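Okay, so subunit A shows up in both of these, paired with subunit B first and subunit C after.
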Partner chain A sequence: MSDNQGQLWEVFVQKKSGQPFVHCGNVHAFDKEMALQNARDVYTRRNEGMALWVVLSTAIVASSPEDIGSFFEPANDKIFRHPTFYQIPDGVGHM
Partner chain B sequence: MNSNEALFNYTLRLGDTSLILAQRLSEWTGHGPFLEEDLALTNIALDILGRGKSLLEYAAQIEGKGRSADDLAFFRNEREYFNALIVEQSNGDYAKTMLRQAFIDCFDLLFYTELAKSKDSVLAGIAAKSVKEITYHKRHSFSWIKRFGNGTEESASRLQHAFDELWQFTGELFEMTETDTILIKENIAVDLATLKPMWEKEIQELLREAHINIPETTFMQKGSRQGLHTEYLGFILAEMQTLPRMHPTAKW
Partner chain C sequence: MDTAKFEEVFEAKLAKNDFIEPKDWMPENYRKHLIRQVSQHAHSEIVGMLPEGNWITRAPSLRAKLVLLAKVQDEGGHGLYLYTAAESLGISRDEMLNALLTGKAKYSSIFNYPTLTWADIGAIGWLVDGAAIMNQVMLQRSSYGPYSRAMVRICKEESFHQRQGYESITHLAFGTPEQKAMAQDALNRWWFPTLMMFGPPDRESPNSENALKWRIKRETNDQLRQRFVNQTVKQVEYLGLTVPDKHLKWNEAKQGYDFSEPDWDEFKNVIKGNGICNKERLASRNKAHSEGAWVRAAAEAYGKKQPEKEAA
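Then we have the complex of A and B:
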């Protein structure tokens, strides 16, 4: 095995047309075509999907664990952002 | 030779070529250049083994002498094998394995696309299933050849070396015998002469992109149609057949 395995690519599989692409793992590859082929061979051997995206891992911008406080916790006490917070008058019926 | 014998010979030849190629490719399992590529080539080997199994099962059925596909695979000697010489050639480095594969994938896609129209419904069925698989194999091997040809000085020189070793075995892919003549008349077999210009055009284009020059004339090896092989086949069979020959009744 070589110690140079190329770049890391993130793989997203779409199960059926119209459904979202779901992240399922990553592969090593040296170019776009190889990344797509490797993703096909590693992640769709058992009929897992009908379409693939591969994205260079370095192209993904991610939040970091230190961001949890400022990014996500302020939403905790804002229950009025959920539709269930609001009582719907009887006259409206089903929305 | 009657037409049943011809059909047996023909199917056996196709089955042997698939089986020996699959056996060769599976030698890479666990030794690929990196994990993803190891898995890719193992997948390809398995596709080709599956095709070989279907063909040998059909050959056994045509023969009708009570031999099974396993009997054909494990209890025949070198001279009774009719695989193309190119598939028994050693794997060498990855450039050689991929170039051998590119030559065969290009041939197989043309061949099985035509065979899918065969009057023999079993051969046509096996061929139709194989075409999708081979389309992918070809995309895989062709992209490697372009990478090697346009990569580093070392990858280009390894590809050139692979070409120098393998080119002499490509002519035989198109050789036809009495078997072919009989079956072409019955619209069962593929006329290989019609595939040759298409194969040459595609391979010339691929090699041009990979900066490999095809020599004007080369001596072309042949012999497999008569069961004559290079020194490699005996070793392949020895390894492949040891277990069933030592324990013919073994089951798992």
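Then we have the complex of A and C:
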């Protein structure tokens, strides 16, 4: 008989309806229902959320910190993606 | 990249007050230091449930019982946050639990003292959680991201712990003479063990230097201890109780109290396993763990039978 704590799950919580789900931590559980119940007990004892997602940690794909530079590089030289790049004449009101 | 380059990136992050995340490169000793510190912290939360759990069935009112239950449940949650933070460093939950259950791992010496009266429960919330908060507020800015985030969450919950303890002690201190005597007796027994919670004095603290260099800790044991005493004395005075230290004295020059050091030989002895309750605590943890074995086995078998097999 094995004796372990189950698999690791990532927990995401939505504070209020309409807001994004934000990662808040992990739980161990043996199936998805138990993962949800554990997440509720561990992370929402004080109404911290109205909705929860749980995802097996092994299902998360993450960017690797070593190539942060090159991976996000395409965004660096495109200042024209920001509104402040553009000149708008005075007197036309808020835009 | 070679190691020297990795090390440079790591040092640069520390210098910028950036956080180190689980997948970032980190020196092996940094990882080891954190695994030890975070797992010990987790064990302390879990073992810390025992002295208070001991009084749940004997709480003097329904309100007191509800509050104590909620507090002890929070401590269990704190243990879980911290175990997962430690797991992100590459140690398994089973490995940590094993180290605790076999007596190889350490936990805070404070939980090896007995809770003899109801006043002890108030004293623990007020003093022990108070000292823990002081340490944990500092650790919110610890350099390891998952540890820091766990601390932010824990600190939010801790303030209720300290307040409920102080409220409970207040009732006793302003109650009958017998109740007041109980409160004083609890303060007498918990004062020095609480001061020990900050760890050995700086002059003989072997792990402090690295912990500060790596920004795992931001302040020294003695700095935190001094701040705790400064803050707590007026709380004692309000209660009309007396700090059990005849050398306690306001020092105008340092704008803080002078106070006696705890008995460091006693501290070392408790850490070594010879405190009043070390054996009892370990036995209780082992009993709870083995009595829960069938639940884990059943949950695992059930998980494997789920149609989608996500957790299989």
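List of remarks:
In this text, the second predicted complex is superposed on the first by the 89 of 95 C-alpha atoms of A that agree within 3 Å, B and C clash if a C-alpha of one lies under 4 Å from a C-alpha of the other, contacts with A are read in each partner's own complex, and residues count from 1 in each chain.
The criterion applied here is as follows: contacts are C-beta pairs under 8 Å (C-beta built on N, C-alpha and C of every residue); 3 or more make two chains touch, one makes a residue touch a chain.
Given the structure is predicted, the values throughout are model-derived calculations rather than measurements.
By the document's definition of touching, both partners, subunit B and subunit C, reach A:His28. Ranking subunit B and subunit C by residues of subunit A touched puts C first.
In the superposed pair of complexes, A:Gln7 makes contact with subunit C only, with no contact to subunit B. In the superposition on chain A, A:Ala62 makes contact with subunit C only, not with subunit B. Contact with subunit B, but none with subunit C, is seen for A:Gln37 once the two complexes are overlaid on the shared chain. Note: residues 1-2, 5-6, 27-31, 34, 41-42, 45 of subunit A belong to the subunit B contact set and to the subunit C contact set alike, using the contact criterion stated above.
Those residues of subunit B that touch subunit A in the complex are listed here as 32-37, 39-40, 43, 136, 139-140, 143, 147. The part of subunit A that touches subunit C in the complex is made up of residues 1-8, 24-32, 34-35, 41-42, 45-46, 56, 62, 64-66.
Those residues of subunit C that touch subunit A in the shared complex are 1, 21, 23-25, 70, 73-74, 77, 80-81, 84, 87, 93-94, 97, 149-150, 153, 157, 293, 296-297, 299-300, 302-304, 306, 308, 310-311.
Residue ranges on subunit A touching subunit B, taken from their complex, read 1-2, 5-6, 27-31, 33-34, 37-38, 40-42, 45.
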